[in-house]
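Structures given as structure tokens follow.
Shared between the two complexes below is chain A, which has chain B as its partner in the first and chain C in the second.
Right, the complex of A and B next:
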């Protein structure tokens, strides 16, 4: 796999197509493994997608006493192996992004595996495939670097930069905030 | 590379034992390309796969599209005809149901004449079916009373475009050009929620520096990312557009060469907008003067701009005027008929474009021919094999049909692929109409709110069990493919209509064996009309990724960009909109001090008859809500989630509040996708646009009252 997942929060339109599509992925048993949150609905309609960051040294795997969370050669962090998982839920507490969830009925942990059956062949994961606003993208590393550079440049052109204490206001401000 | 992956073209995951059938989504006008996954051995639909090679949507889908396939074998599907006996539906055979329909239809026509029957169509169907509904009403039943739910959705855009450009094609440019535009002026459209897959094009353009201006009373997810958000009072669009025209002229942004060569009435327009200074416009609309000036500046300075609008400006008692004025903005800038610029309306229903061209409107025949034009009547009569004298006269519009029921002129109705018991305004009038009918037949695949009033419900198929064409948001004619066999004893609409027509003694006019035969007749019927599909064939659609109408011959390439040379008016020039400013049909008063406006949420489609049955979508948005500003909420001592009683001069309902700063302080928004006691259309006004006869869903006056917070099921008091 030569590509990475790239998120651009301010593009998110809150449609949750990514969640619906996640349920459609091969072995996801109709449960979504990514999430969309409002920053603060009472203030603005700004939403953002929350996906597994596929950490290089994932907290979920580190805190797993049974060593049930495997990482593929490509760096994809998989759901806990059923035969090893002891159901302690350390992974759900350990992840700083709240990604792993625990199914109490089935007694197993599930998390985003970047649609491994797709992404290992360089086909975009379902969430990135369908995202109508391209808030979630499956792109080359170089393209990601370019996008990040351009974003910083645009911020400079527009004369905007985040300030201490108002980081949540920053995104709506940049794209036109509602005023009376 | 795995064997599971398609070897050629863009890659899709291809699982063993499955085949991918290429088709389009059944919901909105975007008609997103998708593959449906079908189990090869059982023929069952098992899922969906994005279609990366469809140029309009590139594999993008919204949550409705992703879950659309789940309606196909849903447990609620009606699998056999239902007949109401002692107030309850009982399953029957097709023969029994058709016998009953024949008996009652004939009885009503013998007692009260041919026009005792009526047909209420819809535009979430293929072109073939839409065409056939018109023929079924006029030839099969011989009635003048036919109209369709597009009257609630598209007719003001149609009226405005016809007056301005001489023809009604929703978009003058293909969507794939949008990424090259420099400015989008979007009025009354919550694009991100209603046409989500369009958003990628705006972002592509925005990444290159394009600007976005959004006029909307709510800070929708679309308005949130706008460079200028014109937060106007509901119903004041014509003042806003006149104000923009004033500024475009005053600031010298007019493309004078274009206007003198290609537009009528510029001097009158100039005079008309003279008084719409930013200050006067601001007074009416409530939008700050600086914002108006900034918007006009951005729009006026953009070399390639697109004016887009949707139901927000069209569902008003002056919707046609609004469309004319907004279109005039593009004309003054010389943008219509050029690359990556022009005018577009977002079609709300799947075939909102095609469905309005082919004779479902009370006054139109296929190909946009007028029923009042003797030559048109003669031509269509020759295609249909009837005498021109047999052609019924124009009827009345959708909402007005219920007035005719009240008067006793209409006694029987056949509702096809539509759910007016949720989607029409002033619902108590509609419900009373249905109760008063002597005989109501509904064709649907779920038991909709309208179907619950029926005497006979006929099980129709979903979009995946039939084939045909639809016309998408851009005017591109595309193919819908058959994915699976009809469930139970359900039948495609065209087959149902043919069976009834046969029972009414008109079988020779409806001897179709497959949808393709209807398409061939339909092509001929549109030949020479303004909406000319004659040159379009199913093969061409497959080869060319869809064909844009007008396409008068098979060697014609189709028309992606409209009006490059001239317009369809008498002198070939566009008519600029000379329209003043009028109040909405109903405005706030002392008793009803607020504005009520309605619309969609991203998780539901139209009356919600389909999307309310999909688990994922219902989990995200299970019930309607009253969205209001914290300042308004505090005035009534309301907190988020409190129950609130909404009351208009017509009726009242109870919903939960949802508090957000992303709406005007004088406006309450409620989505309309629910029926019965949760239907906001109980409250909406029945003011109609004088030209398009479209109801004013977007504005009415409202009173609110706090109720003791109640948990659990909402009930109507």
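Right, the complex of A and C next:
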């Protein structure tokens, strides 16, 4: 298994199908764990989808006083374990991407786990499988590299020239690399 | 103190030694110089000591984590401060009663789950209290006269009771009662884990089911002992005690390392309303960029400290930290960077300028002409055209 999640923010049409699909995923209790938001509503109608980046060394797990956030062998960062989570919300404030959500009623944190139950069997996560504009995709690592290369070429064609240090700013987001 | 510490391999080994030493002294005092020592409980005693060592090692390695340490330090600091005394006491008592005694938050996840967890939790805690009290010799029964028993705790006589009174029967059957609670709870939990599709998806056999089976084995063998001597005239009683002992030993050794470890770390919950919330569920700290309140000052400073201890560099160009922004703004900052747009970090910003050469593709606005790098003669013509009042 060598698949990754690939986000292209510009392709987002704001339909929120990914959120609806997320609510349907097993064990999510009809609460979505991803986000669709406007970049700046006063300026444009551009929306973007946002999911957990599945960091290799996740800040959320590092700031958890209860040691409740587990990482699977494939590198998927799971929601806080229900029995350990003390509901302090440190993860929400530690995460650089603002991903973990908090359920005050049930006193526990929940976050995107890349639909671990699906993706571990090589099935696309719910959000990726329903996205109509391919803003969220679950694709092969090689395909991702090709897409990114094409994107940087397009940027060059459009006149955006990446400098030495900021190449990453010119290519779309990808995360959750599965290793063989 | 330093020399004491140096005589051990590690902090956890030092604490384990101290814990075992204290337990030994408590046995000495409790059994009145080993006079009332119950040799039949020897196996339980040894496994309880192993349990204590395992628990100490796990607890100390957990407390040494930067995040846990920060929260504990903050709690201690808070407790010392006089002006927060009222708030602290209120928070501790309220959380201890609602979250730990009543386990309200689990009832909110469903009444079935609440009842099941309540039964298992209090059944286990009760069983542990009775078992440890007896195995470490902290308490035993003494016959005062043929009709009266007394409970001796740590060498001090406490409650006297009629040998066949209602209270006495409750005490003798204490373990049976707690075991029945656990048995009902475990059966409910197992049913849920077999029936509920949502749980099936995420559960792990070794992590979620094994402790349940272990508890089931302990309670069933324990209750069979009672069945054996009450109904079957002690048939197979001796063998059953051995089987029961084996299950308890496995449980005690597993306890500190598996899922059941959440029991000793749960009291940390009290730290949350005490340190981070002046009022329950009310945020006070405004986001640097959009001004919505999203957290409290002590929590954000704690998060920053924990991250910096672990070499997470989340400081931005203008000196602010990512944790100074609300989660929504943090996501936006991320996406703007990705779309090749400098996010306005501090408060009071104007709308983002997108018609300035580095436009996000997909945005509606037209690009300025100098973006297209027209040849000079075309630029001249365009300029002339505009000056004459031509539409773009």
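Worth a mention:
We adopt the following convention: the second predicted complex is superposed on the first by the 158 of 180 C-alpha atoms of A that agree within 3 Å, B and C clash if a C-alpha of one lies under 4 Å from a C-alpha of the other, contacts with A are read in each partner's own complex, and residues count from 1 in each chain.
Operating definition for what follows: a residue touches a chain if its C-beta (ideal position, glycine included) is under 8 Å from a C-beta of that chain, and two chains touch if they have at least 3 such contacts.
The model shown is predicted, which means the values in this text are computed figures rather than measured ones.
In the superposition on chain A, A:4 makes contact with neither chain B nor chain C. In the superposed model, A:20 lies in contact with chain B only, and not with chain C. In the superposed model, A:139 lies in contact with neither chain B nor chain C.
Look at A:117: by the touch rule set out above, it reaches both chain B and chain C.
When the two complexes are overlaid on their common chain A, residue A:71 makes contact with neither chain B nor chain C. Of the two partner chains placed by superposition, only chain C is touched by A:48; chain B is not.
Touch criterion met: A:106 reaches chain C, while chain B stays clear of it.
By the touch criterion stated above, A:150 is placed in contact with chain B alone, chain C being left untouched.
Looking at the superposition, the partner that touches the larger set of chain A residues, chain B or chain C, turns out to be C.
Taken together, the two complexes place residues 10-11, 26, 42-46, 117, 172 of chain A in contact with chain B and also with chain C. The touching residues of chain C, counted against chain A in their complex, run 62, 65-68, 70-71, 99, 105, 108-109, 197-199, 201-202, 259, 262, 265-266, 268-269, 271-272, 276, 281, 294-295, 299-300, 302-303, 306-307, 310, 312, 314, 322-323, 325-332, 334-340, 351-352, 354, 358, 360-365, 371-373. Chain A makes touch with chain B in their complex at residues 10-11, 13-17, 19-21, 23-24, 26, 41-47, 117-118, 121-124, 126, 129-134, 150, 172, 175-176, 178-180. By the touch criterion stated above, chain B contacts chain A in their complex at residues 1-2, 4-5, 11-13, 15, 47-48, 50, 52, 59-63, 65-67, 192-193, 196-200, 203, 207, 219-229, 231, 288, 602-603, 616-617, 620, 630, 640, 658-662, 665. Interface of chain A with chain C (complex): residues 9-11, 26-27, 29, 35, 37, 39-40, 42-46, 48, 50, 59, 62-67, 81, 83-84, 86-90, 92-99, 104-108, 116-117, 158-160, 169-170, 172-173.
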